[in-house]
Structure formats: C-alpha cells, structure tokens
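Chain IDs A, B, C, D, E and F follow the sequence of writing; residue 1 opens each chain.
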Amino acid sequence: MKFGILISEGPYTHQATDSAYHFVKAALEAGHEVPRVFFYHDGVNVATSLSVPPQDERNIQQQWSALAKDHGVDLVVCIAAAQRRGMLDENEAKRQGKTAHNIAEGFRISGLGQLIEMGIETDRLMTFGD
Amino acid sequence: MKFGILISEGPYTHQATDSAYHFVKAALEAGHEVPRVFFYHDGVNVATSLSVPPQDERNIQQQWSALAKDHGVDLVVCIAAAQRRGMLDENEAKRQGKTAHNIAEGFRISGLGQLIEMGIETDRLMTFGD
Amino acid sequence: MEDDVKKFLYVNRKAPYGTIYALESLEVVLIGAAFDQDVSLAFLDDGVFQLTKSQDTADIGVKNFSPTFRALGDYEVTKLYVEKESLEERGLTADDLQEIVWEDEDDDYEEKPSIRIVSRAEMADVMADQDVILSF
Amino acid sequence: MEDDVKKFLYVNRKAPYGTIYALESLEVVLIGAAFDQDVSLAFLDDGVFQLTKSQDTADIGVKNFSPTFRALGDYEVTKLYVEKESLEERGLTADDLQEIVWEDEDDDYEEKPSIRIVSRAEMADVMADQDVILSF
Amino acid sequence: MATLHTVNKSPFANQSLLSCLAHAKDGDTVLMIEDGVYGAGKGTGLAEAMTAMASRVALVALQPDLNARGLVADRILDGVKTVDYAGFVELAASHDRTQAWL
Amino acid sequence: MATLHTVNKSPFANQSLLSCLAHAKDGDTVLMIEDGVYGAGKGTGLAEAMTAMASRVALVALQPDLNARGLVADRILDGVKTVDYAGFVELAASHDRTQAWL
C-alpha cells in the first residue's frame, strides 16, 4: 500500500515530525511504500541544514535525509510556506538576492501541487501536525 | 517604565510576534522604555535573514530590525533554542562548521541569562506566545 | 484508482489570524482546484469563524484573506459545509457569515449559494464519504 | 528595585513531549538558578503531567528529561507548587508524582520535599505574590 | 497589588481562558487578545459564565483583534470593555504584574 | 468503509478529542497519539464518557506515547487497546481513510 505523509509542524517544538518519522519507518519495514513526504506550514523548518541539536538529542533533519537516501522517499518542502519562513535552496536564494541557503540534502522545494498529487496517487494520506 | 518582552512563537505561524510588535511600538510611543526583546522557543525564527514573504504581506523580521535600529531595542535570540532550530550567526556557523548563517541585522545571539536579567532589570515582563 | 476522480475534503477547525492555518489551508484549496478532483470544504468548531462577515485586519497589520472565500466559486469550489452546532455554540447564525455564491453554468449561470449549513450528524456523513481528508 | 531579590514564578501548564515547552522551561529554570532570585515553580492544568513517575521515552526517540526535576534541589530550587484540582481532574494523586527533595543546610542537611500540593485558591495566592511570572 | 492576565486562545478550542478566570483574584484584569477575543462574544455557550465573572474581575478585549475577527460592537458582551494597543500598554503599566495564559 | 481518526492533543487542554468523538461513526477507530494519550487515563474527569464511547468506536492508544508519559498499564482505562507504530500502520492500512483531529 502507498502512504502519503503531510507534516505541518516544525522540528523539536512539536512531536509531530517525530511521530511521522516513526510511522514512516514502521510502514517501510512492513513492506509498504512511502513515495513522498510533504512539509507544510512550520513543517518546512525540518529541512534546515543549519540545525545543531544537543549531542544527546536526535537530529531530526538527518533522520529524514537518511530516509530519503536509503529508501528513495521524496521529501518535498512547500515553496510558499518556505519563503515566508526563511527556508531557501540555492536557486531560490540566487533568485531572491540572498547570500545564504539552508535546505539540507535529500529535501527539495516545490509547489503545493505536489501535495494534491500525493493525495491523488497514494492510498492513504497521513497528517501529522498540531 | 521599563518593559521586557518575551516572544515564544515563530513568525507568520502565530500572531504572537505581531502582537508583541504592536505592543512595543505603542509602549515606545507612550514614552516607555523597551530595553530588550528576548526570542525563545520558535520565537528564534523571527531573526532569520532569509525570509521572503509575499509582497502584500508584512515582513516581520524587517519590522523588528527597524525597531532595533530606530529605538535601540536589544533583540536577543536564545542560543540553545536557536541551535536546535537552525538559526546561526556568523561566529556560530564557523564554530559548528556550517557554510551559511542566517541571523538578520539588529538581532544578536546570547544565552538564557539575558532573559533572567531582563526580568530582573525591567518593571514589567510581557510574554507573547502560544 | 490513480486515474479516477477522488473526493477531497479540506477540514477547517481553527480560527483565522491567531494562527496561519486558515490562510495556508485556503492556499492549498486554490492550488488544488486545478486538479479536477471532487472538492468539498468543511468548517466546524472554531473553523466557522473563518467565514464571518466584517473582518477588518488593518489594525493588526495582517492580511485580510476573508474576501478570497468569495472567489472560490470561480475555481469551481462550490461545496462549503458549515456545522450548525458549531455556529450555535459560538453565538453565530448563518446571517453572520459572508454570502458566498457560485454560477451554475448548467443552469443559465444562475448564482447559487456555496455555503450549506449542516447538522453535526450530517457533517459526520460528509466526512465518512471522502477519499482524502486534509486537516488544518 | 534593581538590586533587590525579585520573586520569579515559572508557570508550567503544558504536558511534556507533545511540545517542547516543558523541556525548554526547565532549561530556563536551571540557568535562572544562578541569579540568586527567589524562585518558585507552579504546575497546574496539564503541567502536572511533567512530574509523573515512570516516564520512559525510549520508543519515541525523544530525550527523557524528567530526572532533571530531581536535580533542582542542587540548584536551590526547592518550591514546586502543584495544584490539587489539576491532579484530580487528571486521575492523579501525589503518589503518582516523582519524589523530589532538597537538602536543608540550615537543618543538618535534612532532606525535605520540594513538591507542595496546594489548592487552586492557594495557587492563585502564590501567583498574586510574584514580581515576575514566566509562562510556558 | 493587581495582576493583568492576558489570554490569547479561543475558549471554544482551549481551556486557557477558563483556567485564567479560575485563578484571577478579585480586582484583577483579564485582557483577551488574538483568538482570545472570541471569549467576548455575545450569545455563546460561555456568555453566562463570562457575565458572572464581570462582577469581580475587569474583562477587557483588544479592539484591533475584535475588528480583525469581525466581532463588531453589537456582538460584544455587555460588561466587556475594549482597548487599543495604547490601552493595552496602560493596563500593563497600571497593574503590578502580568501573567500570560498561553 | 470505516475511518481511522487520530487525536494528538490532551483532552484536558483542548477540545479536539471531544469533537472527534462527536463525529466518529459507529465502527470507526479513534487512535490517541502524542499528548492525545492522556485521554486513555483511568479515573479522570473524562473516563466515564470515554468508557461509554468504547461500545460504538474502537479506542486505541499508541504504546510508545503512553510509555513516554508514564501511563503504565494499570493506569489505562478498561476497553482501550494499545498498539505500537507497526500497529498504527496496520490500522491506517485496514481503514478506508484517515482523519487527523489537529
């Protein structure tokens, strides 16, 4: 079965992104497919490459980047939500005249259409938010 | 009278930072002092230099940076909360081996002691959060 | 399943302006309208506050997005279910809500109301009839 | 006023782990302890859940910070007010909470309980007696 | 020695306003801001309890937040005063402490 | 054609669980996760209402979230089942749709 995942809250502040991560891992282990995870609202902040959590805590961005690498999960960050919140990839940074970019490996920026498409093409949509 | 301000939520997602901004402006206009605003929890995200909100919306970071410039308000971003959430100034970025930094002009990174000190040295502490 | 039309329901349970969810939900609805799915919107609990008349955000410096609801008809989003019990608990009636209409091109472009006031039990039926539920 | 000791109250009304507020509140308390102010902590509403026994976060991959409450005595943070009505509404009694003590150096280092179960009216009195209230 | 309490959450979604009112002392002020202003509405399931409170604490709502949410004057409970941001600052200055019910 | 409802907020702070239960159809499943698991506690102000619901919808709580919050087995309401993340996935797969009550 194909699961689509929508994450609506940022890392560390809400447990939503942790719950989604454990759900996705369990789904993959059970032989299901998770073709895409869509990050919306403050969820876009999960993609930051600049996070430095304390040594004794999980690194949420790295957990997701590893899932993308190991299982081909497509991690999509909503461009409109990301621009408001200061999350830019290299292209966007150039286009907006910003000197830095902060989207970590394994994440890509795209439009809200990718969320709708995920709803159409998967069997179940799971929402983790607040 | 001296007001200290604590902001606990991020920009755009919650109204807290807008309410705090309007409160601070009104306090300054009434002749009060606002020596410091302390950004904690997701509030640290207000300081991002990479935000690109839609043209017809307010730019929250720029509103605060202007207050710092025009009225000498000390905008302090909690270092521990900022590191978790991927907010780094140039020094921190270097120290952590990160290639980018994203703290806007007028904000500075410091420790939680600055929050306590603000509580001690001001007459009223105002908290805006969620 | 992939080539079929799916029933999408956008569930709005939060008040506007205090948080961004209402605005960003509407942004999804507008983009989603291009995908030719069977779209409905549900407003219950504090979500009913999104549709009230007379919103004026000038003094909080935040964009007033309530007029956008009136444009939904142009995007062929014509089913806005609003829960009666949620209105009542909040001291509201249908008269406190904006008038939102759509033009029915199959009926000589007659203007028809988009808002459908439903009971809690009917709202539960609407929810149970969907393929995809997006919650905001 | 600036050279006086102020009464600081940390108000905890949120459950642990679902959100980070409880953890980041505790981080402020630990730093604040160095400032020699008159510090109290209030636990009411869902904040009382922060103090429960037997927390085990291994399976959610989040750090268990509940043992840190037991270290507060070492930081001379010895007044933890817990609201009785909040406990009762949640099916809890004082026995469901961790034992948290401090050593009274003026009394031969006797261990004394830090948790003080108070009524809602007493909690209101504690709140009304403060100079600075930090809410989490 | 009175307290200014601020409440920013809708009382229909969240318990914060009820908890605030249960802890406010006689003579305190409860200021509703942001989504908290819905607590000032007329004809709601909470209206009776709010009116009863108004005899012992001052109930105030922030006008800019009422405006944003379309809570026009005739929809506001009798006994609830309104202030703008300047009035909010005055309330904070004239009370001995502030407490935010987040 | 049943729905898996997820609730992640404490019912003592927020109305989401009550609203979910008021909209769940007979035969649906309500899964409590994150702070939502407090709804599964014994002896609370909500316990009676929860027990009454258990006759028409399946009440389930996520074990890892119960563990994190110290809600050990003898503190859980009779009639509430528990699952781990694998069981959560199975519930999502075996119901026709999922609805998150945020």
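Keep this in mind: a residue touches a chain if its C-beta (ideal position, glycine included) is under 8 Å from a C-beta of that chain, and two chains touch if they have at least 3 such contacts.
Fair warning: this is a prediction, and the values are worked out from it, not measured in the lab.
Asker: Can you list every chain that touches chain C and also touches chain D?
Answerer: Both chain C and chain D are touched by A, B, E, F, going by the contact rule given at the top.
Asker: From the centre of chain C, which other chain's Cα mean sits the farthest off?
Answerer: D
Asker: Based on CA centres, what chain would you say lies at the far end from chain F?
Answerer: That would be chain B.
Asker: Looking at every pair of chains, which two share the most C-beta contact pairs?
Answerer: Highest contact count belongs to chains A-B.
Asker: Mind checking the centre-to-centre distance between chain D and chain E? Centres are C-alpha means, answer in whole Å.
Answerer: 27
Asker: On a C-alpha centroid basis, what's the spacing between chain A and chain E, in Å?
Answerer: For chain A versus chain E, the centre distance works out to 38 Å.
Asker: Approximately how many whole Å separate the CA-defined centres of chain A and chain F?
Answerer: Averaging C-alpha atoms per chain gives centres 26 Å apart.
Asker: Would you mind listing the residues of chain A that make contact with two or more other chains?
Answerer: 8, 12-13, 15, 19, 22, 41, 57, 80, 125, 127, 129-130
Asker: For chain C, give me the residues that contact two or more of the other chains.
Answerer: Correct list: 13-14, 17-20, 45, 60, 62, 132-133, 135-136.
Asker: Note the residues in chain E that touch 2 or more other chains, in rising order.
Answerer: Answer for chain E, listing residues that touch two or more other chains: 8-9, 12-13, 15-16, 34-35, 64, 84, 97-98, 100, 102.
Asker: Pairs of chains that touch, anyone?
Answerer: Chain pairs that touch: A-B, A-C, A-D, A-F, B-C, B-D, B-E, C-E, C-F, D-E, D-F, E-F.
Asker: Touching chain B in the complex: which residues of chain C?
Answerer: My answer: residues 17-20, 60-63.
Asker: Could you pull out which chain A residues touch chain B in their complex?
Answerer: Those residues of chain A that touch chain B are 10-13, 41-42, 45, 48-54, 57, 61, 80, 83-88, 92-93, 96, 98, 100-102.
Asker: Sort out for me which residues of chain B touch chain C in the complex.
Answerer: Contacts found on chain B: 12-15, 18-19, 21-22, 56-58, 130.
Asker: Which chain F residues qualify as touching chain A in the complex?
Answerer: By the definition above, chain F touches chain A via 6, 8-9, 33-35, 64, 84-86, 88-90, 92-93, 97-98, 100, 102.
Asker: Which part of chain E faces chain F closely enough to touch in the complex?
Answerer: Listed in rising order, the residues of chain E that touch chain F are 12-16.
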